[in-house]
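First chain written, first letter: the chains are A, B and C, and each begins at residue 1.
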Amino acid sequence: MHKYIIKRLLFLIPTILGVAFIIFFVLNLTPGNPGRAILGTSAPQADVDQLNEELGYNLPLLQKYVNYIRKVAVEQDFGTSYFTKQGVFDEVWPRFMITMRLACVGIVLSTLIGVPLGILAAVKQYSPLDTIPSLISFLLAAIPAFVLGMVLLFLFSLKLNLLPSYGLNSWQSYIMPALTISIPTAAINLRFTKSSMLESIRQDFVRTARAKGASERVVIWKHALKNALLPVVTNIGLNLGGLIAGSVVAEQLFSVPGVGSLIVDRIKYKDEPVIIAGTVLIAVCFTIIMLLVDLIYAYIDPRIRAKYASTKG
Amino acid sequence: MTEQRNATPAAEVFKKQSQAKEIWRRFKKNRGAVIGLILLSAILLIIIFADLIVPYEQATVQDMSQKLATPSPEHWFGMDSYGRDLFARVIHGGRTSLSIALLATLSSCVVGSALGAVAGYFGGWVDNLIMRSLDIFMSVPDILFTMAVVFALGANFTNLLIALTLAYFTNYVRLVRSQVLNLSEQDYVEAARAGGAGSARIIISHILPNAIGVIIVNTTLNVAKIILYESTLSFLGLGMPPPSPEWGLILSEAREFMRRAPHMMLFPAMAIVLSACSVNLIGDGLRDALDPHLKS
Amino acid sequence: MKDTILEIKDLSVIYKTDLETVEAVNGISLTIGKGKTYGLVGETGAGKTTTALSILRLLPAATGRVLGGSIQFDGEDVLSLSESDMCALRGRRIAMVFQDPMTSLNPVMTVGDQIAEALLVHDRKMGKEEVERRVEETLSMVGILPSRKIEYPHQFSGGMKQRVVIAMALACEPELLIADEPTTALDVTIQAQVLMMIKELRNRLGTSMLMITHDLGIVAKICDDVGVMYAGEIVESGSVEDIFSPGRHHPYTEGLFGSIPDLKSRARRLTPIAGLMPDPTALPQGCVFAPRCKKCQERCKTVRPKAVTEGTHRIACHLYGGQAAGSAQGISGGQDAFRRKEEQ
C-alpha cells in the first residue's frame, strides 16, 4: 500500500510535464503573439518583434518547453509574466489559494448537502423526505451554475440588497460564490447517492443481514450504506472538475480574483508563463485529490485493496 | 431524438422484439418520462421548424428604438440590448445549443465507453497506459482545457464539438472501466471466456449489455450537463461568435442589464432549464424501464 | 401440536407492481415436526423461495404481500409479530441459508465480522473474547480454518462461501433452518460435501429444517417429509416413503420422477414434462397443472381439484378425487382437506 502511494506521488512528475506540454502545445496553435497583445494594434511591427524576442517567445516549441522545465526544476523559477513583468509565482499563488478556498468550500458543502439527503431519499423512498429533495435536485440539475449565480445576484444583491455583489472581503461575500459552486454539484450528488443506495438496498447480502435478525437501522447504515458509498466516493472525486468550472464562473460573476479569472484574462494576452503555472498548480492539486479518492476507495473496498496489494506492490 | 438514441442500445441488448416492447410499455407507464418526451419533442419540433415560425433575420436585425423593450404581443419575449427580437433569438439559438449538445454527448459516449471497456477488460499494461494518460488528461480541469482548445482552434461549431467531447469522454472511461472490472469477475464472463469466446465478443455481448444501465443513466445525465456546459462556455465568451444567437450568449449579454431588463435573462434561462429537464425526465424513465427492480 | 415447530396454513402471497399481480403462492399448507426435515420440491418459479421468505417476513417490502393464511412458529403467529419481535426471531430461532453464496455475503466485511454480527444482534452484551471464540467454533464446525475469519468473501471459493453462509445461519443454533437450494449454485462434488455437512450438523444440533430444492436425490437423502410444489400450490405431500414408493401419485410428481435419469433401467429414455409453468399473472382456472398434464380430463380445466388424504399422503388431483362438489371454491376445498389431515 505504501509503495502504491509513493508510486502515485511519483506520477505527479509526468503529470506536471504532460500538462505543461499540453498547454505549450495548445497555446502554440493560437494566432497572435504576446508582443502584439501587450503593445496593442497600433504599435510598430519592429517593437512587437523585439518584445517577442526579449520574452523568448520566438524560440521553437520544444526548446521553449525544455528551457521552462529546466528553469522550474533547477531554480524553482516559474518565470516572469509576459504581461505584468512580475514573478509568475507571486502573481499566481495568492489567486490560486482563493480558488482553492472556494473549491474546497464547494466540495465540502456539496458533499454535506447532497450525500446525506440522497441516502435519506433512498431509505425513505416515496415519502416526502424523498420526493421533495428529489424534485428540487431534479430542477437544480437542469440549471447552469452561472444562471443560478445570476439569480442569486439578482435576488440578494439587486433586490434585497443583503449580500455584496463582488469581491471576497467578508464572510458574507463568500456566501453567493460558494452556493453558486456547490448547489449544482450537491444536486448531482443527491441523485447519484440515491440511486446507488437503492441499488445497494436490494442486494442479496442485505437480505442475508435481515435474515440474521439485524434491525433495519443496522441493515441500512452498516450493510447497504458502505457498499453504496463506493461509487459515491468516485463521484465526489469526479465532481472536482465541475467545481473548478463552477469557480471560474463564480469568479467571473462575482469579480473574485481567483486563478480561474486570471487564466481567462491572460489567455487573451498569450501570457504563457502565467497560464502554464496556473494550470499546472490546479492539475497538481487535482491529481492529489484523485489519489486521495482512490485511497479512500481502496480503504472501503477490500476487493480493490487486494488488487492493489497483489498487482501493484 | 435523444430518446431513440438511448433506446437503440437497449434494443440491441434484448434482441427479442418483445423485450424492447416491454421496455417501451414500462416507459409509457412513467408519467414523468412521457411528459419529458412530449416536452423534448415539442422543443425539437420548434427548433427544427424555427424558420417557419420566425425567420432567422429577426434574430439578428437590430431595432435600437426598441432596445430592452419588455414582452409585448409583437415581441413575445421582448427585445435585447441591441433591439433584437428575443423570441427569434431564443428559438434559433436552440438550434445551435441543442445540436452541439446532442452530437457532443454521442461522440463522448462512444469514445469514452470504448476506452473504458478496453482498459477494464484487458487490465495490465493496457489499463495502465490508458488510465495514466487519462489521469494526466483529467488533471487539467475540463473548463481550462476546453477554454484553451476553443481559444487555440477558434470558436466555431466543429471546434466546440471537439472541445466538449474532450471534456466529457473521461467520465465514461472511468465509469465503464469500473463497471467492467466488476462484471469481468462475474461467473458468466468466465464461462464465456472458458467457452472460447474472443475478447471483443466478450466485451460486446457479455459485458457491455450489462454495463448499459450505467452508460444510459450517464449518457442522459450528460446530455443535460453538456447543454449546461455549452451555455456556460458561451457565457464565458467561448461559444459561437456573436451575433449568431445562442442561449448562453444571450444570458451573458443579459447580465449587464439585469436590473433594467430581467426578462432578457428569464427566457433563455427557461429554454435551457426546460430542455435539460425534459432530457433528464426521459433518462430517468428509461432507467426505470430498463431496470424495473430499481423502482419497485 | 407440541412436537410441531412450524405450521403453515392456507398461505397466499402475491407480488403486486403497478403493472401486474403475480400470484406466487396460493393457499399452501405444511407442517414441520420438531427435529424433522421437510423437503419442498418443485421447479424454479413454483413459489418455494417465496414461501421461505414469508416465514421470515422478508418479502420485498414494496411488492410482496401476504394475502391470507397463517404461519405458526412454535405456537406463535409469525405474521402478527411486531417488527422488533421479528428481528429477535430471525437468525436467533429461524435462520436461512440462501441459494447464491456469491452474492449473499457482504463484500466489504470480513467473514468473521459477519458471523460475529449474527451473534451480536441477538446478544449485545456478549464479550469480545466470547464472540471471537464462538466465531472460531462456528467456522471450524463448517470445516473452515478459524484463522480465515479475517478474510473477505472474495477470498473464498463458492463452496467455502456457502459454508460461511451456513456458519452464519447456525451461529445462534436456531430451532429451524430454512435452506433455500443451498447447493444449487455449487459444483457437484462440493454439493455432496456441503449437503453431508448440513445433514451432519442438523443431526448434531437437532435443528428442524425446511429444505427447498428441485433435486429429488437431496430429498431422498435427508428429508423426512416432502411437499411437491407447482405454480404456487402443493400438489402432493407426504412422508418420503409416501412420495418415493410406487402407487398413487400426482401426475406432476410422476413427471418429476420421469425427469430424473434412472441408472437401473438404462433403456428407458428421459421423459421431461412437456410445456412450461403457467404464467403466474394468469393462472389457469381449474387444476394448475392441467395444461401440461397427460391425464388431463375435461373437468381438470375448469374445476380446482380437492385434496385426497390417505394416512400422511395427500394428493390434489381429480384422478383420485371421486366426487368434486363445490367446484368454485377450489382453494377452500384444499383447505378442508388440510383440516381433515390435521385432525388425524
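Odds and ends about this structure:
To be clear about the criterion, contacts are C-beta pairs under 8 Å (C-beta built on N, C-alpha and C of every residue); 3 or more make two chains touch, one makes a residue touch a chain.
What you are looking at is a predicted structure, and each value in this text was computed from that prediction instead of being measured.
Of all the chains shown, the one with its CA centroid nearest the global CA centroid is B. Among the other chains, A has the CA centre that is most remote from the centre of chain C.
The mean-CA centres of chain B and chain C are about 49 angstrom from one another, to the nearest whole unit. With centres defined as mean CA coordinates, chain B is found 21 Å away from chain A.
Distance from the chain A centre to the chain C centre is 54 Å, each centre being the mean of its Cα atoms. Looking at chain A, residues 202 sit in touch with two or more other chains.
Of all residues in chain C, those that touch two or more other chains are 60, 62. Within the complex formed with chain B, the residues of chain C that make contact are 17-19, 60, 62-63, 102.
Residues 132, 135-136, 138-145, 147-149, 151-153, 171, 174, 178, 217, 221, 224, 228-229, 231-232, 235-236, 248, 251, 254-255, 258-259, 262, 265, 269, 272-274, 276-277, 280, 287, 293-294 of chain B touch chain A in their complex. Residue ranges of chain B in contact with chain C, taken from their complex: 25-26, 29, 187, 292, 296. In the complex of the two chains, the chain C residues touching chain A come out as 56, 58, 60, 62, 83-84, 87-92, 95-96, 98, 100, 103-110, 117-118, 121-122, 152, 154-155, 165, 168-169. Interface of chain A with chain C (complex): residues 125, 202-205, 207-216, 218, 223, 226-227, 230, 300-303, 306.
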